[in-house]
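Handing you a structure now.
Going by the order they are written in, the chains are A, B and C; count residues from 1 in each one.
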Amino acid sequence: MAEVGVTTTPGGAAYPVTVHTLELQVRTGDVERVVDLTGRCAEFLRGAGARDGLLNVFVPHATAGVAVLETGAGSDDDLLAALAELLPRGGPGGSGWRHRHGTPGHGRDHVLPALVPPATTLPVVGGQLALGTWQSVCLVDTNVDNAVRTVRLSYLAG
Amino acid sequence: MAEVGVTTTPGGAAYPVTVHTLELQVRTGDVERVVDLTGRCAEFLRGAGARDGLLNVFVPHATAGVAVLETGAGSDDDLLAALAELLPRGGPGGSGWRHRHGTPGHGRDHVLPALVPPATTLPVVGGQLALGTWQSVCLVDTNVDNAVRTVRLSYLAG
Amino acid sequence: MAEVGVTTTPGGAAYPVTVHTLELQVRTGDVERVVDLTGRCAEFLRGAGARDGLLNVFVPHATAGVAVLETGAGSDDDLLAALAELLPRGGPGGSGWRHRHGTPGHGRDHVLPALVPPATTLPVVGGQLALGTWQSVCLVDTNVDNAVRTVRLSYLAG
């Protein structure tokens, strides 16, 4: 068990809550794709005139997920390759998927959101998403049958 | 990288926050099960007289998860079949599980919540859970030793 | 489909929202590690003079996750063993990882947060984290190159 260390940024103040919510359309095309949404989240928060709070990023689709990843250094493709092994088009142990609509193997896309959930909730501090240097908020879409996806951003702030 | 598109539903208003929280009991019996909780969430939100906010769905158990999935078209069984491959009763690579309480192979149920987390937080707009057409909020329970499960719903709203 | 049962803890009241946020430093050293943060979360909530709300636990790193698990009975080691199979150092199907910085096999650490997300949001009731008996909030760190990790706790309460 590791030592748990120093408190660096205490806070806390009482305000009326503000709720902002907005839907984006994202073009993912007909290939498997990891789409970086970080810039769009930041823009949304600027529009909300934000202080401290929580940002919820949600995909209202049964065949996509939201992940926080490094992008641009291979890890987005590594994720798609890992998912091809973990949820193969041929089904668990090659036995096929019970869900049989759409493109062959599409059943895997319906299991994806159990492992890569369609929602994440992230801290906002001083109006900025409090991500680490190498983190990006990403849409993960293995479904090649759906070219445009919706993303809902919701912000609860003090 | 995909084009990020049009803003369709801007919002934002300041209110006193409202916090509602409630526990449900769910009978899962002695088989692996995916239980649809969507109707129960909607009922809870109606009782809360809700506007916009975030709904948290949480399972206070170390051997269950919460997933947002399509139900009724095979994907719930596909998830259980995928988990049987990813977290086999025989342990990682057939080497067994260190956790050895309960039914043989039960150690996998204790790893499940790392992959299918016990909490999800979802947007509520105008008092309605803002799910996509094919999405349901589900309890995922691979633990056959525990016939009744608790689910806590918590709602923070403006 | 299981019977959905009795409501046991209704609630709901309007207050000004309170937002507390704080960063911890956690020493994880140079081995793979699951670190229990539950005590530190409870201490943070005590300092916040909390009522009901939501606690967000977030790791601002691209190679770590947050999981809610039983600790101290083997499941933390079981999780690390399962992840060694699911995200092998040799890459998906032994084909290597595209991300090639750091220690050999480090590419897997960058995929980890898609499966074990870096954020969880948990209910707080009467100032207490509403965890089940066997649940602990844990940092999951498979990255052996990074000896100290940051964790951000954020609390929105009525």
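Heads up, the rule we're going with is that contacts are C-beta pairs under 8 Å (C-beta built on N, C-alpha and C of every residue); 3 or more make two chains touch, one makes a residue touch a chain.
In this text the structure is predicted, and so the values were computed from the model without any measurement.
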item	value
Overall pattern in which the protein chains touch one another (line/ring/star/complete/other)	complete
Equivalent-chain rotation between chain C and chain A, CA atoms, steps of 5 degrees	120
Copy pair chain B, chain C: interface residue numbering same or different (half cut)	different
Distance from the mean Cα position of chain C to that of chain B, given in whole angstrom	16
In chain A, residues with contacts to at least two other chains	15-17, 54, 86, 115, 117, 121, 156
Chain B residues touching chain C - in the complex, by the definition given at the top	15-29, 33, 35-37, 39-40, 47-48, 54, 56, 58-62, 86-87, 91-93, 95, 97-101, 107, 110-111, 113-115, 117-119, 121, 148, 150, 152, 154, 156
List of chain C residues in touch with chain B within their complex	1-17, 51-54, 65, 67-70, 73-75, 77-79, 81-82, 84-86, 115-117, 120-123, 125, 130-132, 134-135, 140, 156-158
